[in-house]
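Both complexes below contain subunit A, partnered by subunit B and then by subunit C.
Entry: the complex of A and B
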């Protein structure tokens, strides 16, 4: 075992973990506010990837400068999806919303496949890297971490410092009471679905700056988001960020010690153990 | 909480289901072949050949049979006996793109034969091939049903295979059961050709030899190389390539310092590359398909991994591989055929075997003229399928299946597609034993533009192989 390899892999895992965290935050926010498990999360991540691809390749916008457009696009997509697919079934049993978002998933993947086909795509983006021996810290990863932190900070500021944010939290805590206090819960829910979608799309856009992707890349990332959400604690955005970092580190460090194809198995074993022994997640109440 | 967890569990199961559904198409993907560079276009509606401008096809018929006096073409064609060649094509479904290329190549061959007036036997009998094909929708069960129909209802004289190993295997089984001669293209699977088939002949280099040439090349261009890492996608095609490469490389005295597979769908190779770096290999051989291959090459470059030689399956021959920019430079990839290959009558003479059919340039020019797109190796395979059947009929001087099989067994020749020879051993009968992969490498031309060159084998190379710096 080479110590340098451990350090290099830890840095790789840590940097990726922040983006995973951001990705899972979208899922956990929607769940926390409206108790809906959004199975459209994967395609939303993919939409972020393709949005940044189209904006940078077809319109020549720098991928990072394209992020504000991706955010607006995500917000609109999320709000529209909420009204089309979720709003009417929001009070139905949880399985109904699950199926509704699953339909969204199928439709989005179908539509994206028609437009983009399933051919692999990638962004051509190069930033300076810091190197020391086998340790390489890529500029793209550092920027991804900074943006992930920035977006997380902005999310918390929004939820805790603004009137609308407080309304969303109130709706999450007790929808009926919030409505009695004059809060328009429909818009609060729509907005939180929109923000959840924004988080998914921004994380997708950041992942696109790191790896190649296809229309079908969302499936694996969605499953990973579930694992991270459970790990961090359902409905807890900070937990999601922590869960993301833990999963990122686990993946990269275990790769050194075991055949790389066992890593997902290990990951799901951790997932099951968490479900068994700490079902509320690392940061959830016992 | 428990209720939520239950819903969550259902959610995860549904997601996993979705992933499996989504992955179904790639799993059925050819064990042999990468996606082609061709854009998806509408499937050919009718098998009937389109007329080709004379000037464009003239060179293609360079080595056509002796009886090909163009003046007599129409008169001869009128007396010619019909020879029905049946196959299925994937006009829809996962294999559509590559299959279309294969059929285009075959169509070009048919045009050339028609132009030459048909296939003539020594007694003057003329045979005019006709194609009959159905859309198999890239589905195995359709292939089986349609080949039975081709044999029993359409009374096909000879069969060609659909594109991809899985579909070709299904077709071969039906062909064998009915004693029909079949030449396969687009099918590199080893196992199919190790079942003691009697009438099936494989055109493609089998998967087990996809990377063995890369090991030979490594030892030639970098004699100091000792340690190699074999890393591969864990699908059946890439695994069988890797499994065959390991003993071959060890037999050549190379030390395999790492032999490890990664999951299909892997997106981040950073930790994996750190692990590879720790073993300090001179060369990396392996890979899988397009998406993983490109990401792997890009991350190797980003991390400045000091490996002098990298050969990856499937991805490098694709023109879009160069989208990863400088990371593509020096990456080598195996291909069944590339337009730059230099197989020729002269190289055949040097190898002391006969040359048959059009030259590489004649084929490429005719293809470009007809389809306004450069031929991929799938296209070349399609043409070669027909060409081999034509040669076998001429050699056998008959269309009797037993005589055709005997002629194919004896065949040892070079075409624009490369050298062709089939195994005559009972267990591996019909398996391709002579055709070599060509290895292309992304290099930079004088102006710094990324281009591809054939770097191996030496007799087909268009430039010297370069080591990574």
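Entry: the complex of A and C
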């Protein structure tokens, strides 16, 4: 086996892993705070992709400079979705919230299909690549990793250093106790749904700079997010980042040993086994 | 089995049979195709309701059994020239066996974890089948036309498959009714309301849940076998389509969670609505948006579904409408 191939695919997987981690963090944050599995996660990722597409192609903004707009858009979308679809059923059994977020999924996919149709899209983005010997790292990948790290850093600073972030963590820990301390839990929940949506949309925007996409790309990415989230432990953002890196590496390195089409089988079997034996994730306590 | 003589069940049989036999006597092949899909959806929704409505375990990936039954039967018919009835029964048996084996560990998970695991199982099977060359891989399998000769040609085979699906739908509804009316059904509902209390009352939740899961896997497998036999081809995508699985949940919610008639009504309303929206020139593009909106309204405001709502509003209906 070629050592350089291994290095090259490791770098490939690692860079992709950070973006996957960011994507899964959105899902896990929402679950951690309000115990809701957001089945609208896929369409939110796709919205991020198309937001960047429209901003860069129709309005001529550089895709990376469009990210702040995507963030604002994500926050608004998330908060609105929370109040429309989730708030009323926040204390209902899982099935209710699963179906409520699935209805959001249907509406968003339907609306996006009407506007953009399901034909494949892509961004035209040229960045210089980094070369060392036979190993090439694309510039878009490096920037994607840097942005993913920046967003993660900002998220942690927000959750641990600001007053609002601390109140979100308090609500996640114990909602009624937080309410007794004078925290407005409704807004804390709405805001965390918004942040989860922002993470989904930013990761979608970054993925759009790396690959081609369609309106229906969200489904596969959503199931991938589930796998990553479970790997890192449901509700654990740090775990999600690590899970993303593990999946990214797994996807790129295993292709050296086995046919590409077997990788998802392997992933889903690992997913089920972890759910059964380590439901708190690889890092979590038993 | 005293519940088999219950008039409520006869009413359901009468209505379902009355609708299902219309295309047979009226000789309407187009209507027959429509009703085939409808009866298949009734089967899927009712069997999901057996595990989800009665025990409260949301099986998101229930379509996996539809795919397993379809693939097993298709393989037996195509390569070993089995009769389609026998092949379907074997498909059902294998689906139940798999449900039994994976049910034991998976049903220990509660709530969201169980829902996620069922999605994972469906995706694992779909990606696995995509890789098995004996099952045609990603391209799937195609039935040779000569296979239909044993049943008097494709036309009459399709007629036979239709009789098959009527039978399967009635069987599923009956099973759903009998379970609900039995002591076993009561223990399932006790588990749904509070598993720990049910245990204190002497119910063995693990055993009851695995049994229910095994039973509820049998019927979608039969439906899958008939559907793909009639279609003449099978592919991993349509066989293990997660979206169809979630649609079955939507039908259960629409009609009424935990009722026998609910999934039937839900399947009928959902299918009619979708048929109308897709064919209507104004709504054809917006059918997903409208269906999603409808689902959201039901989830937020009419949690009991159509049948549940009727039962709440009109007390006399409670005696007949199960």
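In the analysis below, the second predicted complex is superposed on the first by the 284 of 286 C-alpha atoms of A that agree within 3 Å, B and C clash if a C-alpha of one lies under 4 Å from a C-alpha of the other, contacts with A are read in each partner's own complex, and residues count from 1 in each chain.
Heads up, the rule we're going with is that a contact is a pair of C-beta atoms (placed from the backbone, for glycine too) under 8 Å apart; a residue touches a chain by one contact, two chains touch by 3 or more.
This structure is a prediction, so every number in the text was calculated from the model and none was measured.
In the superposition on chain A, A:212 makes contact with subunit B only, not with subunit C.
Once the two complexes are laid over each other on the shared chain, residue contacts for A:275 go to subunit B and to subunit C alike.
Contacts of A:230 after superposition on the shared chain: both subunit B and subunit C are touched.
In the superposition on chain A, contact of A:124 is made with subunit B only, not with subunit C. With both structures placed on the common chain, the touch criterion links A:100 to subunit C but leaves subunit B unconnected.
Using the contact criterion defined above for the overlaid structures, shared-chain residue A:252 touches subunit B, although it does not reach subunit C. Touch criterion met: A:261 reaches subunit B and subunit C at once.
Applying the stated contact rule after C-alpha superposition, one finds that A:37 touches each of subunit B and subunit C.
A count of residues in subunit A touched by subunit B and by subunit C gives the higher number to B.
Of the two partner chains, neither subunit B nor subunit C is touched by A:14.
Comparing which residues of subunit A touch subunit B with which touch subunit C, the overlap comprises 35, 37, 39, 94-95, 98, 102, 105-106, 109, 219, 223, 226, 230, 234, 259, 261, 264, 275, 279. Of all the residues in subunit C, the ones that touch subunit A in their complex are 52, 56, 58, 60, 105-106, 108-109, 111-113, 115-117, 119-121, 123-124, 127-128, 130-131, 138, 242, 246, 249-250, 253, 257, 285-293, 295-296, 299-300, 303.
The part of subunit A that touches subunit C in the complex is made up of residues 31, 35, 37, 39, 84-85, 88-89, 92-96, 98-100, 102-107, 109-111, 113-114, 219, 223, 226-227, 230, 234, 259, 261-262, 264-265, 268-269, 271-272, 275-276, 279. The residues of subunit B lying in touch with subunit A in their complex are 1, 3-5, 7-8, 10-12, 14-16, 18-19, 22-23, 25-26, 35, 40, 234, 260-263, 265-268, 270-272, 274-275, 277-278, 290-291, 294-295, 298, 302-304, 320, 323-325.
Residues 2, 5, 8-9, 12-13, 16, 35, 37, 39, 42, 94-95, 98, 102, 105-106, 109, 117-120, 122, 124, 126, 129, 131, 134, 136, 138, 207, 210-214, 216-217, 219-220, 222-223, 226, 230, 234, 251-253, 255-256, 259-261, 264, 275, 279-280 of subunit A are the ones that touch subunit B when the two sit in their complex.
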